[in-house]
Structure formats: structure tokens, C-alpha cells
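Next, two complexes with chain A in common: one pairs it with chain B, the other with chain C.
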Partner chain A sequence: MAKMGNLYDATKCTACRGCQVACKNWNQLPAVIEPFKGNYQTHESTNANTFTIVKFFEYDDVYGPKWYFCKHQCMHCEYPACVDVCPRKALYKNEWGAVLKDYQKCVGCQYCVYACPFEIPKYHKESDMVTKCTLCAERVEAGGIPACAKTCPTGALQFGERQELLAIARERVKYLRANGFPNATIYGEHELGGLNKLYILGDVPEKYGLPSEPKVSSITTFWQNIVQPWFGLLIPLALAGSAASFFTTRFLKARREQQEGGATHGTHN
Partner chain B sequence: MELITKYEPDVERIERFSFVARFAHWSHTITFVILLLTGLLLFMDSRWDFLAVVFGGYRGAGLIHRIMAVIFTVVPLVCVVLNWRGFVEWWKDVFSFGKNDIKFLLKFPLEFMGFHVDIPPQTKFNGGEKMNSVVTTTSCILVAISGYIMWFPSIFPPTLVRLAYPTHDIFMIIATMMVCMHGYLGSLHPGSGESFWGMVKGTVKADWAEHHHKAWYDKQREQQG
Partner chain C sequence: MTNHVIDLKNTDCALIIGSNAAENHPITMKWLTKAREERGAKIIHVDPRFTRTSAVADIYAPLRSGTDIPFIGGMIKYVLDNELYHRDYVAYYTNASFLVAEGYDFHDGLFSGYDPEKRQYDSSSWDYQKDAAGNPIRDMTLQHPRCVLQLMKKHYERYDIDTVCKVTGCPKDKYMEVLKTYCATGAPNKVGTIMYAMGTTQHTVGSQNVRAYAILQLLLGNVGRPGGGVNALRGENNVQGATDMALLFHIIPGYINSPMNTAAHKDLQAFLATETPSSGFKVNTPKWVVSLLKAWWGDSATRDNDFAYHYLPKRDASKNYSHIAMFEAMYEGKVDGLFIMGSNPVVGGPNANKEQAAMSKLKWLVSVDLWLNESAEFWSYKAWERPVKNPNVPQLKPTDIETEVFFLPAAGVYEKEGTASNTGRWMQYRWKGAEPVGESKPDLWIIDQIAKRVKKLYENSTLPQDEPIKNLTWGYGHGDEPEVELVGLEINGYYVDSGKPVESFANLRDDGSTTSGCWVYCGCMTTKPNGELDYKPKWRDNTDNSKTGLGLYSNWAWAWPLNRRIVYNRCSVQPDGVTPWPGDEDRVLIKWDPIAGAWVGDDVCDFNKTLAPDAPGGTNPFIMKPDGVGGLFATTTGMKDGPFPEHYEPWESPFKNVFSSQQNNPCIKIWEPDKQGTSDKYPIIGTTYRVVEHWQTGALTRNLPWLAELMPNMFVEMSEELARLKGIKNGQKVIVSTTRGDIEAVACVTKRIKPMVVNGKEVHQIGMVWHFGFKGYAVGDPANRLTPHVGDANTMIPEYKAWLCDVRRA
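Right, the complex of A and B next:
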């Protein structure tokens, strides 16, 4: 099956946050009220009961203040670090690109929380599990589209085949660059080997709170690719050494006793 | 073929480990093994999943891991306080690492395999035991610290949490490796069989002590007058 995903056009988003509400509604998540932080952003970042949020960024430029909005949620990475570290294989990637989770298997270890380069999955204390966006896989598989894309009134969010979305994005970025957004860019085509959430940005990714070169921490890669597969071999090695010694010590002792004509060497055992 | 040297109560024996030291040693051993088994469930791949039922599933294993972790940390600390003099004596000896300890370590591989080698007089702990003391203790401290970081990640900086994962694994492996060798040497290895009774009953045969820990033996004798 072709890869499916969302395309989010930051230049069309008015930050109405209908997507946030639709997401809460579909996933039956309770409201999370955070204290006022001096801007219109509802939450600091995603949290265990908020799978998507629209972030607000203010910049001054020669024409006056600029206001950027950007929807953040799980990127449904092609090569998801969260899946790599999950010791229970609770996280997995489905055939059309969504990164999903089997809640029966999750043990709440939170390894995924610290592996994700976008800091998306969050720990839910009450259930001792980690939660995140599912790309509304159940809706998609029933022939629908994700709740956020369904509700978006401006056309900033579209759902479809990744290849088709990329074609739309390229056209749009070409148009934006020619019309006053020289830094306009696509985000998610190549980042981390490709994301299933694609972005059209009117400016450089940093200004939208997105890392321009997202990277899985090298500590996490070292742990997964070197420590986990190889270091453990030292244990069977120690066991094998002991087993070998168990036999050689007894064999050599028997031989010594034979040579000494059966006289045991008392204190040496 | 005898597995462990026979315990001989009727010969002359000298004290090696106090009750508190032995209690600390064995409680630490038991919690270590339970921590290892419950932890390995997550470390090993899914072929070993069937073992999880032993601990009441993965959630049960996680809970047991945490309960044992607390005992694993608290009991040794309490024992250090209760047996402060023994603790100081142990570490003084460990850090008096000298020429005879290096000679021991060089010759030890042969002794390990069962060859006869002449080993210079050793103090209460031989070169190998000194090394084991340092490596195992350091590993256990690092495993414990990283473990608490993994248990309560939200109160630590993210980079530290990421660092805790490989640290927990690496020092778990080093400690386990040492424990495998140490456990074998302290029980089934014929050369050191008597030391097993030192940790179980608290005393060792005097002539064994003289043979294996000459420097310590002489000092004990001196003190006895």
C-alpha cells in the first residue's frame, strides 16, 4: 500500500486550533489546562492527553511583527527511533506509514520518550503508559481521514498519498518563493529519511520550532547499535570460561594425584 | 568428584567475615540475581518472552525490579553503618594494592585453569579479590544511579536520561560477568573452595588461610598474641 500522510501548510494555517479540538474529541482526551505563558499557545508542548498542538512564534521584521503558526504532533517517521528502542515491540510501523502502538504491550519504561528527536511521546502517569498521535489509523482504515484534517477549515491540512502530497507541496513552495516567501521550503521529504507528516513552511524550519536537521541522539544510537547487540556476549563468555575451568581444574588435579602416586597434597586441595 | 570443599568444623578455624558482612553479601547476591532476571526480560529479544510469566508478566517484572532495587540500595548502606570497622578494613586492604597483588593477577589465569603456581603471600584479599571488589562495587553504584534515573526520568535532564540507558546496560553486563566468575571461583573452583565457608559460616580453616592469605594469617596470629 502506498504511504499515506498529512500535509500541513503553515502559510494557510490561521491557528484556529480546530485540529486540536477534533483530536481531543476523537481520541476522547480530557482538557489539560496550563497556566498563561504570555502568548496564545495553549500548551508548552504535546502532553499525555494532548496529541497535537499549534505552536505560536512571534518575530519582528522591517514591516512589523510576524506571527508564525505550526502544528506539532508525531511525525510518523519512516525510520522511527521510538520503534527501535521499544523493548516490548509495543510500537510498530504499519504498512501505510503510521507509527502505532499496542497498548497491551507497553510497560511504561519511557525509552521512546527520550529517543524521539521531536520530543513527541509523553508519559501518562495514571495508566503508566506513553501516548501519542496515531495518524487516526482506525479512521483511515475505515475509509475516512484523520480528525484533524477533516476539521481544518482553511485547507491547511490535507490527507492523502505521500507522493501526491509531495507534488502539491512542490508546486506550493514554488509559488510561495515567487510571491514574497523566499525561504519557503518543504519539511519532511528527506528529514530522518522521510516523514509521513509533510510541511510547507514559509520560512526556515527553526522559526517554526522544527529542527532543520533532526537527529536521533548519538547516545541512543550507541546504545541500540553497539551496546544492546554486542556487549551482552561478555556474559556467556564468562560462563564458558568458568565451565572450562571447572573441567580443566579437576582434570589437572586428577593427573597430578596420579603422578604423585595417589598422595594427596593436603592443604592445596 | 566433589563440587564444594567439605566443611570441617573440627579443625582449627579462624574468623574471616562477621555476621553483618555475610548478611550484606548474601542479601546483595539474592537481590542482584532477581534484578538481573527481571531486567534481562527487557534486554533480551522477544524469543525469551515466555519467561515473563515467572514474574507475573512484564508489569510484574518491572514492579519486582523496582522493589528489589530499593533493597539492593538500602541494605548495603545499612550494613556499612552497622559494620563500619569491617568496611574500613576491607577498603584499606583493597587499596593497599601492591607488587604481590600484581604478581597474583599475572599468575592467576594459570591457577584458574588448574595449574600449580607459586603465589606470593596475599593479604586478607588477594589481587583478584581486590579487583573484583573495585569493579563490582563501581558497577553496582553506576547501575543503581542510572537505574534511579530511568525510574524517575522526568526530574533529570534528557541527555542524562539517554546516557543512563547504555550505562545501566554496560555496567549490568560488567557486574554480571564479574559475578559469574566470582560465584564460580568462590564455590566450585577447587583452589578456593574453603573461602566459600568463610562467607557461609564466617570462618576458614587455619592452614588454608596460611596457604592462601599468608600476610593476613600472620597478622591475625600476631594480634592473638
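Right, the complex of A and C next:
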């Protein structure tokens, strides 16, 4: 099976958020009702019961206000850091590109949470597991398309073979650049060696809350190359292992918080 | 819509004004996106607020709420001054060339015939000059000083670009961009569409706002052609159907005026004589009325008893029965009982504090809904909680209210069968997807049961006044569930002798041999060769029958009238009936076939099928009008408040009207003069709207957790500048006040709303959603506790969209 993916055209999205509801409907995820905080975007980011979220970004320039929308969810990376760091090999990549998880194997260690360059997987306390978008693999393998793409009313979300989607994206970006979007770009073609969630953006990635050069942190690389090969040996040393994990987790979390503090979320006024 | 949703893909330019289409009609954006990609179409959004529609538009132009007429009036002037109008279209298909009677005049905001005592016009002078035979006199050169085009030019002389920008607050560069882009659709090979919704209509000049759009569209030759039209985006999935079936008080089904207790309506003959014009397609009114009476009273409606015309209730000509008037009467204790189905006035009614108080004076209330909504529980403690004590707002407790409330649980849309007429007039059948939950029942079942039981109460009565109920036909099957197709058959109409469906309204008769519950729907049902009923709303052929790819899909569902997908489609071809508009061959819908002697094409012709283009009336595409042409000038019976749209300020406005000394629409009825807020106390312009996540009063969506999650609380949007001025931070609670009440909401401080400079003065606008109430998962104060009880002069639609308020930190 060829590599499959979604193509999200931010210039066609009207932020109706039908994708968010369709995702919850298909995955039977409960509503996470938080009070309105002065922004249409009700959650900061994805959460354990919200696999996808449309983010809202407001800008002003000489021409007037701009309002950008961007759907965030698991990018289904070609070289997923979450798979690399998973000590139980619960996370894996399937043959057509979806990053999936064997829930039987997940122990809720959350290494994937901190390794993800897009901060997507989230810890689900009740089940002591980490959850995220599955690219609706079960729907796709049954001949369907992901719930989000199925429900999109404007044609902003498409599902198909990655190569074909890339061809569409290239044409579209060419058109956009010639028609008032000089900064239009494809996102996900080369980032991290390629993503199976492709984006057509009307402006630079940062303005859509996407890192222009996403990187897998050096800690993750260290974990992948040094710690993980010895993981089997660590298991008998349960106590030491827990201590190490506790330390690493805290360290990664602190690092993440530090990063977040510096980042500007255009959604805040 | 004159056109339909898919047809938006055929446009060269979409002017979205008074509508937030991307949020409230998301599917329209699919087709506009296609138009942009495939035709290079432009999307223009004109709105007080930068919305999700503005975000995907090519041009966003802000305007002060309530200034559509100056905005469009300036466009009309620009089109006329620069001769950008579609010359042939205007000359042949509109009344531009008609000479107006000498008595017509306009001076300082008032048209001829105004009576300040009655606050209404004697419109007899708004008429054409006629020749000896009674035909209007035309000047095809359009140069005569009394021709409509020249009078219009004179009328809009005052709407120059600088004045328009000064009044609307639209920056001049943006306005110029809109003028240049949209008015270019006057070229014969270009077609533009206007899409509007409640942002247009919910004003004291709401009907005239729509008139202004229609005038602009006619001047640019944009009506009756693919990609064009005056397109009301309907806010509810079946509001088109509800209107067709006479939801409104002033009509009976099929847009026929409802009878009044006047001499002109004293019997059927008098009624028909008054309501039937001497020309145009409405000359058939007697056939429609008699067929309607036959549908309702069957064998009891005979030629000898005026087809039971005396059974029809007659409304008091001196009274108004619209929403506001009804609740005012209720407030005065004049109404005993109220049925609420698919409505929630405690959230959705204007001046909701007053309407809620009015409901407490009812003896009984029946609420039919999926949920116990705010109106069903208007008597509860929670319903009377207010964020601040206000002496003008009644404070009641459940013990103060004697209204007996009945609640009937209703089935949801997927739990019942039937048709709904969408915004593009498509009558679509919907099959049941699931069984109703618990004891809930479809609306049709509820109405059927009530009617059957009421009829039973009267079955042995011998009183003449009980005959309308006793003799009312009510035959939708004998089982517990009424049969939907039998309702469809009654709406369509049947031959009295055979019981077979009438194929077209052309076959309806005024001799009692046919019935039709709503003539515009006649033709939605026929008989198949095998004798079975063919209910066309069930058609599901998903292929485009248009040879040029116009997306007509004529065999998918059925559109009234007679499956015409684009009305006035005679305009899609030149007056000669055979030549396409230059450069526009692909957008011809019908043309004259001289050999067949008929109009042929991919769409069903909205014209007399065999009337040749060179025959008298052969170039009159607007068949419903007595004169057969588009009305740039509205003659005597057209409008209550003038033949041309004229700007008047909203009832509450911080500004003096710069166009005339008439501050407000001179024909509006003012219910509560003491509640008119002034800008010294209430300096901010308030408006209300919807968001994509919730629907209407939110009864449906605020009870769905996934949607409650997306928009969890009541909020008010304001500019960063106003927030700074008032010391309000984003996400903080604020109080919004008007003379009618106060609400609490969360501040949404945004770059998307800007202060405006109007008449050289800075003014702030704030906007709020009206979806919220105290029930469900997502709760908040109803915005309509703030809105006034004042309505449009023609329709009485409330002025929800422009009023004065103030905002402060809670």
C-alpha cells in the first residue's frame, strides 16, 4: 500500500471545527468542557480526549485584520520520535504511514509525550495511557477515509496517496503565491524527513503555530541511541529504573515548560 | 434564494453582506471556493465584524451596523454615474424605462403621500404614466427625466462616495475596492451574486435593505442567471418551507394576502377582486384560492357557499399580529394560551425580559421541544436570575406565576420522516434514521392528534361558528401515525373526481374541481405509469443534467416552482430569446426554439413555455409582476416605506441622519418610546449574531456536549481599543446594559473589531452571540434581554442588529 495521508489547506478552512466533532464522534471521546477564556479556541492544545484541534491566530497588518486557522493533530511523521522513544514498542508505524499504538503494551510512561516535536500525544490519567490521532486507520483499512476529512464541508481536508496530495499541494501553492499569498508554502513535505499530514499554508508556518524547522530534541536522540538498547537490562533493576525515569521525565517536562514560556501563542490577546 | 447553493460555483464575484456565510451556511463556502479556483471569482465580505467569512474573503469592508442602504446606495450611484449597468438587460428586463407619474416626489427623506398622523404613506402617486389603453409609457432611451432610471439617478445623487464612507464608517480605499470589484459584474459576460441573511433583514429598514440589493443586481444584470441572484441564506433548515406554508400572519399558503375584516374582503368575490391583479401570472389567484379552500374544506366548500370562504378567519385590519405585537398583547394579558413549537422566545425573542414577563400572564403554555428549554422553564427560579438589579426588569418567583405549562417531548429531525425545503427552494424528503427516544413524537403526530381530538369535541355541534372545525378535511390515514405522503398529496393538490395528483399549478381550476394546499408546491407529486404516487422530493439522481456543467441536478429532489432551479431564468438569454449574452454562452439556462415553438433548455423555463420572444410580453421575465419586469422602482403595492430605499438611522443610533431630517424610518411602529436609549448614556453600538458551533437559541446545540465544548459560554466581542478604554481584560466578565436590561458575559477582546470613524467621530461597536440561556451544558445570559421591541415597517422583523448599549467590568 502506498503512503497515505491527509492534506489540509489552511486557505480553504473556515474553522467550523466539524473535524473536531467528527473525531470525537468516531473515537467516542467525551467532551472536555472548559470555560470560555476570551478566545474561540477552547483548548490550548490537544488533550487526552481531544485528538485534533483547530487553532486560531489573529494578526493585524496595514491591510487590516487577519485570522488564520490551523488544524493540529498527530503528524504521522515518516521518522516518528515517539516510536523511537517508546520503551515497550507500543508505538509503531504501519505500512501506509499511520503511527499507531498497541494499547496492550502502553505502560503510560509518557516518554512519547515529551519526545513529540509537535507536542501532540497526551497522557490519559484514567486509563494510565497516552492517546492521540490514529489517522482513522481502521476506517482507512475498511476502505473509508478519516472522519475529519469525511466531514469537512469546504474541501479543506482531503485524504489520499501522499504523492498525489503533494502534487495537488504544489499546484495550489503555485496558484496562491500568484494570487495574494506570496508566503504560501507546503508544510510536511520535507519536515522531519516528511509527514503524512501535509499542509498548504497561506503564510509562514510560525503564524499557524507550526515550527518552521521542527526538531527531535537531543535528549530523545540520546534516549534512542544510548538508553533504549539497554532498556531490557534495566527492567530487573526496577527501583533504579523508576528513579531514572522520574528524573528524566521531570527534566524533559521542565525543558518543555521553558520552551513554551518563550513561544508566543498568537491566540492570546 | 433566487438561485441555489450549488449555483454559487458559477459566480464571478460574491458580495456577502449581512451574512456570516462561512459560519452559518458552511456549505456555501465549498461552492464559492470552487468558483474562486475555477473561475477566478472574488469574494467580498461587508460586515461590522471581521468573521470567519472575512477570513476567507478576498476583500473585507467594515460598515457600521444599520448602514446597508448608504453602502449599496453609493454602489448604485457609482454604477449609474459610470454607466457600468448592463444596458440591454436594464432597458428590457427592468422598469428603468417606465415613466413615473407626475405626482411622485421625494423631499427631505419623505416620499409623496406621507401622512404624519397615521405614520403611513398613501402610495397612489408611486405609479407609472399610462397611455389611453392603460399601458405604462416607456422611454427605451432611458433619457426622459421622469423615467425610473433618471429618477433613481436623482434619488441617489446624495450618496456620493465621501458621504457614504462618512456614514458607514467604511474606509474609502476599502469602499473603492468593493465598488470596482463588484460593479465590474455589470459587463454582459460577468455575473455576481449577493448573499445575505439576518444581518440585512433585522433592521427597521430591513425590507428596504433587501430592495437595495435587488436594485443593484438588476442594474448589473445579475438576476435570473447562473452565478447571480438575490440570495437569502435561510437560517433554519426548513424556514423556506415554513414561509411558503404561511408561517407569517399576513399571508395564507402560497403568498396570498390573508383575508381581513374589511369590505374589500367581505366575501370570496370581493376578496378575489381585490387580490387579483389585472396582469402578470397572479391573474391566476382565484384558482389558487379556490383550490386551497377545497383542500381545507372538501365537500363542504361549494360554489353555493363561496367555497367556504366564510370559514377562513379574518384578521382585524387595524391590528398587527407579528411576533412583537403578539407578545405586547400577551404582556397586557390579552392572550390566554400559547403553543411553542421549534421556538424559544425566552432566548430568541427581542426584549426577552419583557417577553418572559408576558408569558407569565398566560393561562396556559404548551411547549413542544426536544429538551426542556428556557421557554418551557420560564417559571423557574433560574429563569429570573439577573446579574444586576434593574427596576425596569420584572423579578418573579415560581409562586408568582400561575401559567399552567405542558411539555410535549418532540422527536428529533433524524427520528421522523417528511420533507424540508432548503434555502435553494429544494423540497427534499428525509427518511427516518432512528426511532424517537422515549415518549417523544414527531411534530406531525402531535398536530394530527390535537386536530383529531379537537374535531371530536365539535363533531355533534350544530352551531354555524363550529363548522370550520367540524367540516375541516383531516385525512392523513387512520392509523396512529399520520401518513406523510397524504400530507404531501394535500399540499400538492388533487383532482376532486379522481383523487389523482394535479401535475402542475397550470392545471388548477377555480370551479372546485381541483384542490391544492399550497399552489407553489403543486407539481411536487404525480402519478407513475404503474399508478403509484411519484413524490418528487424523494428523487435522488445525483447527475448534473446541465450540458455546460452548471450544477443544476434537476433530478435530485424537487424545487418549487415546477422544479425551476433558477427563477427568472428568461433573463439568462438576450431579449431576442436565442442569443446568449456576449461572451456568456455557457450560462444560458433556456432559449427559444422557433421550430418547436417553445422555450427549451436544461432548466425548467420560468416563463410561459410557448410565448415567443417577439409576442407581446415575450421579453417580460418577471412573470409574477403585473408589468413583467424587475422593479427598480416599487410601485403602489410594493413597499410601505417608499419606492426607492432611503437611509434612516436605526431606532437607536448615536448619529443624526445626514441624508435628511427624517431620523428614523417614518413608517415604523414604536411600541415603547420610553425605552429608546440615547448615546449620552449608551454610547456603544450593539449587535447580535450566531456562530457555527451553535444553532439559533441553542436549545439543540447547547445540549450536545461536543458542541458545548466548542463554545461553552456567553461572550461579547469588543475591540482592543474599547477594552483599554473600559479597563476590560480578555476573558474577564463584563456587564452589558441597555434600557431593556443587563446581561453578564465573558469579554472576547479581539483585533477583529475596530473602532470606527463616523461623521468624524470615533464610535465603538460590540457584538454578542444570541445562542445562550440558562439550560444545557453551555450556559449564559440571553443577548436578547438587551434588544428592543421595534420592527421593520413592512414585515415587523425586530431590530436585533443595531441598538445602543454600554459595557463595564462585572
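Methods note: the second predicted complex is superposed on the first by the 225 of 269 C-alpha atoms of A that agree within 3 Å, B and C clash if a C-alpha of one lies under 4 Å from a C-alpha of the other, contacts with A are read in each partner's own complex, and residues count from 1 in each chain.
Criterion: a residue touches a chain if its C-beta (ideal position, glycine included) is under 8 Å from a C-beta of that chain, and two chains touch if they have at least 3 such contacts.
Since the model is a prediction, treat every value here as computed from it, not as a measurement.
K.L.:
Once the structures are superposed on A, label A:Lys150 by its partner contacts, choosing first (chain B), second (chain C), both or neither.
P.N.:
After superposing on A, A:Lys150 lies clear of both chain B and chain C.
K.L.:
Considering only the touch criterion stated at the top, classify A:His124 as touching first (chain B), second (chain C), both, or neither.
P.N.:
neither
K.L.:
Between chain B and chain C, whom does A:Pro87 touch in the aligned arrangement: first, second, both, or neither?
P.N.:
The first partner, chain B, only.
K.L.:
Using the touch definition from the top, say if A:Arg177 reaches chain B (first), chain C (second), both or neither.
P.N.:
The answer is neither, since A:Arg177 touches no partner chain.
K.L.:
After lining up the shared chain so the two structures overlap, which partner does A:Gln110 touch, if you call chain B first and chain C second: first, second, both or neither?
P.N.:
A:Gln110 contacts chain B only, not chain C.
K.L.:
What is the shared patch of chain A, the residues that chain B and chain C both contact?
P.N.:
Of chain A, residues 268-269 contact chain B in one complex and chain C in the other.
K.L.:
Mind pulling up the chain C residues that touch chain A in the complex?
P.N.:
22-23, 26-27, 29-30, 33-34, 37, 50, 52-56, 58, 60, 174, 691-693, 705-715, 720, 730-732, 746-752, 754, 777-778
K.L.:
For a test of understanding, state which residues of chain B touch chain A in their complex under the given definition.
P.N.:
Interface residues on the chain B side: 1, 5, 42-43, 46, 58-59, 62, 112-116, 150, 153-154, 158-159, 161-163, 165-166, 169-170, 173-174, 176-178, 180-181, 184-185, 188-191, 193-194, 207-208, 210-211.
K.L.:
Contact residues on chain A for chain B in the complex?
P.N.:
Within the complex, chain A contacts chain B at residues 85, 87-89, 105, 107-111, 113-115, 119, 123, 217, 219-220, 222-223, 227-228, 231-232, 234-235, 237-239, 241-242, 244-246, 248-253, 256, 266-269.
K.L.:
Okay, in this complex, where on chain A does chain C touch?
P.N.:
11-18, 20-21, 24-25, 30-40, 42, 58-60, 64-69, 153-155, 175, 180, 268-269
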